[in-house]
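The two complexes that follow have subunit A in common; it is paired with subunit B in the first and with subunit C in the second.
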Partner chain A sequence: MTSMMHDHITALLQKEMREDGRKPLEYRKPIKVEYDISPKSAEGSARVTMGDTIVVAGVKLEVGTPFPDSQDEGNLMVNVELTPLSNPDYELGPPSVVAIEYARVVDRALREGHALDTKKLCIKEGEKVWTVIVDLYPINDAGNLFDAFSLAALAALKNANFPTFDKKTEKIDYKKKTKTPLPLDKSPLEVTVIKINGTLMVDPTIEEWKSVDARLTVGVLENGVICAMQKGGPKALTMEDISKMVDIAVEHTAKLRKLL
Partner chain B sequence: MKRNDGRAPEELRKMEAKTGIIKRADGSAMFRIGETIAYAAVYGPRELHPKFMQNPEKGLLRCNYNMMAFSGSGDRVRPSANRRSREISMVIEKALEPVLDLTAYPNAVIDIFIELVQTDAGTRCAGICAAAMALADAGIPMKDLVSALSVGYLRNEIVVDINGEEDMNEGATDIAFACLPITGEISLLQVDGEIKKDVLLKALEKAKEAAKKIAEVQRKALKERYHDKHDA
Partner chain C sequence: METIENKKIVVPGEVLATGMDFLPSSGTYRDKDKIVSIYVGLTNVSGRVIRVIPLRGRYMPKRDDTIVGKIMDMTFSNWFIDMGCANMGVLSVREISEFVERGADLAEYFSHGDYVVCKISKVTRSSVDLSMRGPGLRKLGPGKLVQVDSSKVPRVIGKQGSMISMIKDKTACRIVVGQNGTVWIQGAPEDEMVAAEAIYKINQESHREGLTEEIAALLEKKASKNKPLTREDEEPIMERGRNETE
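Moving on to the complex of A and B:
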């Protein structure tokens, strides 16, 4: 079945066509970002729709102790759970390696792109810092979770405000949100370019994703500088492929960033 | 008595319902009551794995209730199942099972996944409402819908659909309730707190009345789905 679909997809690509009628370098529609989907519970939240794919992101803040090697910096944590609600192939249980890769790749762009000024997340050096946790969930997984998660994570961070922290009692009052947004310095965003049978394309459907020869997720900053990458898929890439894929990612991250 | 959100004792919070929101699922729905938002997806009937769990006499209804990590009222909820979510998953199965004929699905499973995006009490009930709609949306034959809500006993008065503030801070006796709206049969009953028998029976009568209003919202959302399909 998968191989029949693979043949179908590659045959279409030879005519520069895709199963849903798109061009190789075209995103699905509608593509949108909605904010405040969980304003009572989360410090920040967002929902991203890319065609039939829907994901949600929520930001929670906690106060903890800093890591020994960064005494005056707060922390960032990204977590992905591949909900069986969103895809018949997902199962309950501890995070699979697939979920872990999604979380780590999204994390890498935010961390290495210095999305958050972590020094501004310090409450008292060596003792108390904020930990920012981004939780990502697919609602309907119709492909391209990497890009949807990256966009949703950045949107939820943008949407988040600090809760009130009482320095005397050292307790957070989650019910009293401040008007202070998170120290979001930069907007690193990721786009995944896939290669099937020699053709480069973006925003794969589930079936296209199953047929991928190679994929490259590229994290890009506002100024076009790369801040993170992850290569995946069973086959290798040439220098020329990588050069083209980076150009595609730079172009599309700029477009996606405008949705925020 | 004035309630903290200004509602009358027998007034439900504002509701919103939608079906067919998760395209990959065989059936799906969203149900919102006040600030509590539940999504449900149904997959199946499909083959049950592991195989030793298969029953040639009867299919299995399997439910998983989960609060998203950011959906709590304070601290982040640690992901993965805990004792609370496992018990809730089980009582939701029992609340829905009476409307299904599981003997029609030998060796198979009907999976229901419930995710809470935001919570303000009544989460298992909102989950049941969403799940019942998702089952109907999946085209699974049902004897009736299932409509669920919480009723409370607060400052010597019965109040319908308690919110988080009433549950956690005002110390309401909390009754989780589900019924088949046509027959009135009760398929979920959990009581947390003190209550006398006569008050309990009165509370259940009020819950039954309120459940009819919820059923209207559920039915309307299911009908809209087919209306939409026809237009498209």
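Moving on to the complex of A and C:
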């Protein structure tokens, strides 16, 4: 694609500069995590601000039946809804391909990084387990939703407490939260590294996001172990690129994790 | 004839004048013998004509405005251009400065995502026609884009273009200001940043007095020592729209 913005961005990159004056491997400021923004309606919630990008995450807990292949494990669901108010490119209606990708990539890091000890979410084996639902919404999409969503989802899970569950009547009292937090074992966090015209960079703005050649989202645990990856964009990546991108992601997840 | 206060902040529904001494213009309407505002804005009285300039809001296309827009779509004979208002602008192949042969691929001239400077040639209830015949009307090269409020454009340009030519001189950037509030800046990367910062500041603080001096100080402090563009570097006249009046 050769649009005017793409030419502008690549011209700037040759001088190691970006649209907003940042260096290629620099996040926008401020990056902020606020907890418990919706204490009444969600079991756990968080708002993440990354420059002009703002996203909110809510965690809801429900009691459901386990899946046949994991009779003693709780369930995890991640939903993303891209609201038109956050970006004029988004439209109402059933989740778009883009929204599904966001949800699945965030889900994959949490699931494969074993963020939740799902065995501890079991109430009665084969019959009743907790279902953890993470809902993610962009309030303002100014680029880099992957990283913002991942950070917000993890923050909201950290913030969540179980509601009271009466085993006799099998009813949940959402108004009475217990002091028990979710069994959060590990904290997988994702960083997206993008490549434009041979330059690797993090935290893209909307315009940069639109002219991406290739992108790699890497989920990393606190000990530096990689737990998830997603490649996107129209062009290919070399082996060298990938190992560089992974190094960058490991470095930046460590920085982002300090905010939690 | 009663006198009407100029530059007074009014709200929608506010009666600006009674009687037939005054004439309603843009931003106002006549309700029997009263002239009423339809915006939150400032009154502007010149002679018998009353208008209300909205404090902010969407761009309203007007004939002869020069705008900066983005190519969103094309057909066999037209480009559709987004200029930040309710309707897309329509640029016909007949309205561009080059000759386009029958059946030619329009994408070779302007393609999706390109930015162009156009002039509005006709505004109807349902469509806005654009033209690219005229000095300075062209496709824009790579550059930085800044969006300001369309009601602040006269302030960005300044009286007889004083503000914009000061920014151009100090930052050695090429700048095109569209009446729709889209500003295109081309220059050295550092200079583009300074010019953008100055324009943001004007957009934010357009109501303040002594803004010109503040902008001059900001440019003096931050602008690089690049030589201002000379007449030869300068591309054809850019801001041909309405300048700040009075």
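By our rule, the second predicted complex is superposed on the first by the 258 of 260 C-alpha atoms of A that agree within 3 Å, B and C clash if a C-alpha of one lies under 4 Å from a C-alpha of the other, contacts with A are read in each partner's own complex, and residues count from 1 in each chain.
Throughout what follows, contacts are C-beta pairs under 8 Å (C-beta built on N, C-alpha and C of every residue); 3 or more make two chains touch, one makes a residue touch a chain.
If you're wondering where the values come from, they're calculated on a predicted model, not measured in any experiment.
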item	value
Partner chain in contact with A:Leu12 - subunit B first, subunit C second, else both or neither	second
Partner chain in contact with A:Ser3 - subunit B first, subunit C second, else both or neither	second
Partner chain in contact with A:Leu92 - subunit B first, subunit C second, else both or neither	first
Partner chain in contact with A:Ala254 - subunit B first, subunit C second, else both or neither	neither
Which of subunit B and subunit C A:Gly21 touches, first, second, both or neither	second
Most subunit A residues touched (candidates subunit B, subunit C)	B
First, second, both or neither for A:Glu62, with subunit B first and subunit C second	first
Residues of subunit A contacting subunit B in one complex and subunit C in the other	none
Residues on subunit C engaged by subunit A in the complex (per definition of touch)	111-115, 140-145, 189, 193
Residues of subunit A touching subunit B in the complex	37-43, 45, 52, 54, 56, 58-60, 62, 79, 81, 83-88, 92, 94, 133, 135, 137, 139-142, 172, 174
Complex contacts: residues of subunit B adjacent to subunit A	21-25, 28, 35, 37, 39-41, 43, 46, 64, 66, 68-76, 79-81, 111, 113-115, 117-120
Contacting residues of subunit A [partner subunit C, same complex]	1-8, 11-12, 15, 17, 19, 21
